[in-house]
Amino acid sequence: MAPKPAVKTLPRRGSLIDGVKGNLQALIVGLKYFLDPKRFTLVYPKEYSKLPKGYRGFIILNKQKCISCAACARICPSAAMKMIRIPVKDPKTGKTRMKQYPVINYQRCIFCGYCVDVCPTEALYHVPYHDVVYENLSEMFWDLETFQKEPEYKTAKEGSPVKFLIHEEYGLIKVPAEEGG
Amino acid sequence: MAADKLSTARQRAEEALKSIGVSYSVEEGANFVEFIVDVARLKDAALALKNAGFGTVVSVTATDYPKKNTIKVVYHVTSMIDDEVKGAIIGVGVYLPRIDKPSMPSLTGVWLSAEFMEREVFEFFGVEFEGHPDLKPLLLIPPLAEKRPLRKDFVVREENIYEGVPFSNVG
Amino acid sequence: MAAEEGKVYVGNVDVAARRARDILLGKLKLEDAVDWATSFSLWPVHLTTSCCSTEFAATFGPRFDGEQFGSLPWVSPRQTNLIVIEGTVTRKMACAVRITWEQMPSPKFAIAMGACALDGGLFYNSYNVVRPWEVIPIDIYIPGCPPRPESVARAIVELQRKIRRKHLAGEWVRTGWRPDREPVKPKEDVCSWWRG
Amino acid sequence: MSGDIRFYGAFKDELGLKTIPSRRIAKDTYEIFIGPQHPGSGHMRIIIKVDGDVIVEAEPDIGYVHRTMEKLGEIRGWIKPIPLFERMAIHDACNITLPYVRAVEKLMGVEAPERAKYLRVLLCEINRIAAHLYGFAIFGIFLGHSTMYMWAMGDREVWIELAQELTGARLTHSYPVPGGVRRDIHDEYPDMVRRAIRYMRKRLEDYRKLFLDNPVIKSRLEGVGVISKKQVVELGIVGPNARGSGVAYDVRLADPYEVYDQLDFEIPVFEEGDALARTYVRVEEIKQSMNILEQVVDWLEKHKGEPIIHESVSSKYGPVHKKVLQEQRRAKLLPLHATMKVPAGRAIGRGETARGEVIYYVESDGGLNPYRVRIVTPSARNAIAFKYALPGHKVMDLPAIYGSLDYFPPESDR
Amino acid sequence: MVLDVVEAILGFPPVWQVLVVGFGFSLLVSVVAVWFERKTAARVQRRLGPYWASPRLGGLLHLVADMLRYAFQQVIIPRGVDMTPFLVAPIVGMVISILPVAVVPFTSNPQYWPLPPGAMEYSLLIALAITTLPPIFIVAAGWASNNKFAVIGGLREAFIITAYELIAILGFLAVAAAVGSFNLAVIAEAQNPVKWFMLLNPLAFLAVIIAVAMSTSAFPFEIPESESEVVAGPFTEYSGLLYALNMGGAYMRRFIYGILIALTFMGGWAPYNPGEGIFAGYIVPSLIVTVKALIIVLAISFLRAVYGRYRLDQALDIAWRLTLPLALLGLALGIIQAFIGLA
């Protein structure tokens, strides 16, 4: 049980007959797929692919769970996660003190998910979508308010969700998926 | 298995270096071994190693040590066809003075595979290789290559976790 | 205007062209048609600035098929009207980006793809990276590293809508000017190192 | 072997590294700049000089995607460089980062648990197939065969879907971390892999009929861009390109890492050294990778529930971490990862990516950051091939040679 | 007076045949052919192809959008170009590439022939002679562009001309020899109803198809515009309307060749017998010929999905070593058929 080298030989170009055979073979395969293309194209705005649960899409903050440890900002490889200090009123004592929360810069975020994985209280989570685009750069630095809201998912309003499954004959097949769920 | 190969390779390299009478010092890494020789005898040492079967340069590794005031240039070589030592990495290197343009002989004549890597070391550290056929920057544009980006005194600053927030710190 | 020697002289082309344009656009309302045509014929030029090109390639692969929007990646900048900055733009590449942009005929549009093309992404403090929006004007930004092919498709769809909504192409034909955008001149001469 | 090879108005010296024109090269050679905005170049520029239609001199002008990985690797701690180095070859992400992780592990003196090793191999081989298919796609479009491009891109999606199911991202997995991996597979996963393998085997037959046995493609590739065994050793060419020339050099063979020495597979080697041989190496490697995948998923199915991350990490897990590991099969990182310190020392990490051997030389002074990370990627080592393999060929052979070398500039430029 | 002149010009059959069938149809056909090429390729490649502009028409309007976009895009004329040929070459090249239609009879009814019957005797020769002209303008366009890739593309075009011209002419000659006439109408009529030369003389037919593929740079001979080395070949510097003319040119030439092939190898208007009157005598047979030509065009377009491209020297090799003997054999077969009196 170990890797071993294996010397193999190349099929060489043969006679004219081989050439004719090769041409015919290629044309037949082409025609075969012309007649039955086995397509799996996503007709995009009409359909959108519903991503699996663990997909690392946009990252959203659950402020209630945040304990201000700043681990997420420290581990962020692209320095997209920043900490800001805001005054917070303590409900018990009534005193105001400064507390720090993360904000995110989607101009830089690389969706590696380190911040989600490092968060000791699971205050950060991924939403399973990614196809959001912007016309202005300034919209992409999210302040604390925006960071707690999931971004507007235009695609879901315009199309219906589909799921891709791995299939022996087609490679991938599209099947309709339920909304939400 | 890999450790066997490395010890064989080390033995072979030491024999080769001793046979031409090059004095060397050994620096060991976790899974490789380096022979540090004098700049004047580098080419001889390289030739001896090549004749001993180490035919391919995998990396020309330069490291800047401002505290020791040296730049270390090591040619990590291996053999791609000799089954006994295949894949074992040994290094042959020199310490150069840390000046603006330290120079050392080019080993492109010995190992052709070092050609582009020497150009890289030239642009990132400013080491001049004497006898290199075409010594010019490989990756960088010339104005940047002037700044020797991989030397330690070329500082790239990392942002801290509070800076660069465009809005005031009120959520 | 005197006829130069060795040149074909076909009358005052500018005046004739302006008159023809006025007739076509004023009376026939071709403006909307041009907007429609441009939005369904966004041909991105083949300029692979960085590794987002793998996802860009996947966008035009069979699963996501960017050609359904009428976009056909094209080889020569002279025949295209869209540039997709596929990731990091290094100092060496910035020159190529700018030259390619200037070679493209108006009306032309740009999409910045990936975190590196927005604010450097992982390479925000790298000494060899420039922000593409300092080199050419960008219409749509796609976050992600790399963005999913759907994001690229979304960007194309949004750009199509933007063109139709703001009459970007029709306005150009009428006035010879992109109404919403001054031509961005790079802060520094991105090709200076090359010219020497 | 060199008897079959025709060079146009030129012959090669004994080693085959210099092209000696058989007649005087015209003084007014035509200099063509191919790239970087050029369909046949990708993110690089090749400056060629042609005499008539024959290339007499070629010089790769690379560095258009140089993103200063080595410098940034020196200032970003020990765990942040994983996503960073991944960007060199994002469609081969696990292969390219694993050697770095292994080098760090070696310095720290930890070793990943058995299951993590198998999971790493699983993702590595999925990546290898996807990367080879990407190479095919680019190769196809270089030869004007758009169907090959589309087919390979489409079938690559199957493997990307598998990788996404495992890691949560299409390309940039950032999967291995020092001490283990970040996620575990779910129960249906082995069946998905098996289905994908069965599908791919059928498709390879269609590939052969449409592309590899197509007389047009064959005549474009046969005897083109020949690199001899001697040249490979001298130029230091690695990966499928070396194995296409009869050099059985593969890190999985020479210096087995992870669990490769416990798996049964072949390293395909072809003797011819031309573009066709390099292409066939990739086809055979896809087949072998699928063999590996079958063995790996069998093992994973038998050994459910074993740890995927090293004890030194999992012993510090709190209740939330444990719950996540249990329910979502996600091994969380610890805040100490961000400010990790690694004992002083030097290590070389190496691995076999889809394009060949990648080497990380990691030097630690015991601090928060690596002291020096030197990266030599396979494409960086193959770049030199352009200079020596192109001369003597026609201009139209350039895309055939480029494509067959499967050169990826971001990987080369680092 | 002026109207009379206009009427005389427009009433002259070659002129309206060029304008209506030549320009109108070939524009339509090139749109359909490009659409078909993209859709076929997409289908074989397991994807959708152009779609969203008109989902019900399968994205046909995308081609209209492309044309409209090109028509209104900026036309960049680089500083270094040779102005006169740069502007003239695409326009003249396109006009000349549809000119062969001027001598093509679409019916057996001499009343609707574009030329008087005496001149029609040489219609095949005249048509073939004109088809050899457009490549010169492609070479000129490449040369005038002052761009290295354009020059190389133009040179490749010049090489390819030497390869296919002789083959095409020999292939058509085989039919002329078998029938014993250069009159396209006579040739077409001789094949009525099913004695098509495509079946009688497959060698010459194959040779002609290969020559047409080379001539119109279809796959696997798309060498002058081979994008992976010479960008867009001779048209690298063209933009906007000028490029649209160029792009259409190749498809129009393919269509014109298609008409010639339909007449000489596929029986022209066979199995239909043109009758009297403009409808039965001209429109129906010309539609049949056009449909046959379209089939040829589409069949050649399909090759894109299956083939890559040959290297230049390999294409020349195939032309001279494989296809030329084929064409010569076809010619011999044609002569034998003439002797036997088969045709």
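In order of appearance the chains are A, B, C, D and E, and numbering begins at 1 in each one.
The working rule: a contact is a pair of C-beta atoms (placed from the backbone, for glycine too) under 8 Å apart; a residue touches a chain by one contact, two chains touch by 3 or more.
Nothing here was measured: the structure is a model prediction, and the numbers come from that model.
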From chain C, what is the lowest number of touch steps before chain D is reached? 1
Between which chains do we find the greatest number of C-beta pairs in contact? A-D
Greatest Cα-centroid separation from chain C: which chain? B
From the C-alpha centres, identify the chain that is farthest from chain A. E
Round to the nearest whole Å and give the separation of the Cα centres of chain A and chain E. 48
Quick one: chain A and chain D, Cα centre-to-centre, how many Å? 23
Go ahead and note the Å separation of the Cα centroids belonging to chain B and chain E. 62
Using the touch rule from the top of the page, what residues of chain D touch 2 or more other chains? 38-39, 63, 66, 68, 71-72, 76, 83-84, 147, 149-151, 154, 157, 172, 210, 214, 219, 253, 256, 261
Which residues of chain C are in contact with two or more other chains? 61-63, 65, 68-69, 75, 92, 122, 124-128, 145, 148
Could you check chain E for residues that touch two or more other chains and list them? 44-48, 51, 227, 231, 305-307
So, with touch as defined above, which chain pairs make the list? A-B, A-C, A-D, A-E, B-C, B-D, C-D, C-E, D-E
Chain A residues within the chain B interface of the complex: 70, 73-74, 79, 81-86, 101, 103, 105, 138, 141, 143-145
Show me the residue ranges of chain E that touch chain A in the complex, using the header's touch definition. 40, 43-48, 51, 302, 305-307
Complex contact set, residues of chain D against chain A: 76, 79-84, 147, 154-155, 157-158, 161-162, 164-165, 168-169, 172, 174, 182-183, 192, 195-196, 198-199, 202-203, 206, 209-210, 213-215, 218-219, 222, 246, 248, 250, 252-253, 256, 260-272, 276-277, 280, 284, 318, 320-321, 324, 328, 330-335, 337-339
Provide the residue numbers of chain A that touch chain D in the complex, in ascending order. 1-13, 18-19, 22-23, 25-26, 28-30, 40, 51-52, 54-56, 69, 71, 74-78, 110-114, 117-122, 126, 164, 166-172
Per the contact definition, I'd like the list of chain E residues that touch chain C in the complex. 38, 42, 45-53, 59, 61-62, 64-70, 72-76, 83-84, 87, 227, 231-232, 235-240, 243
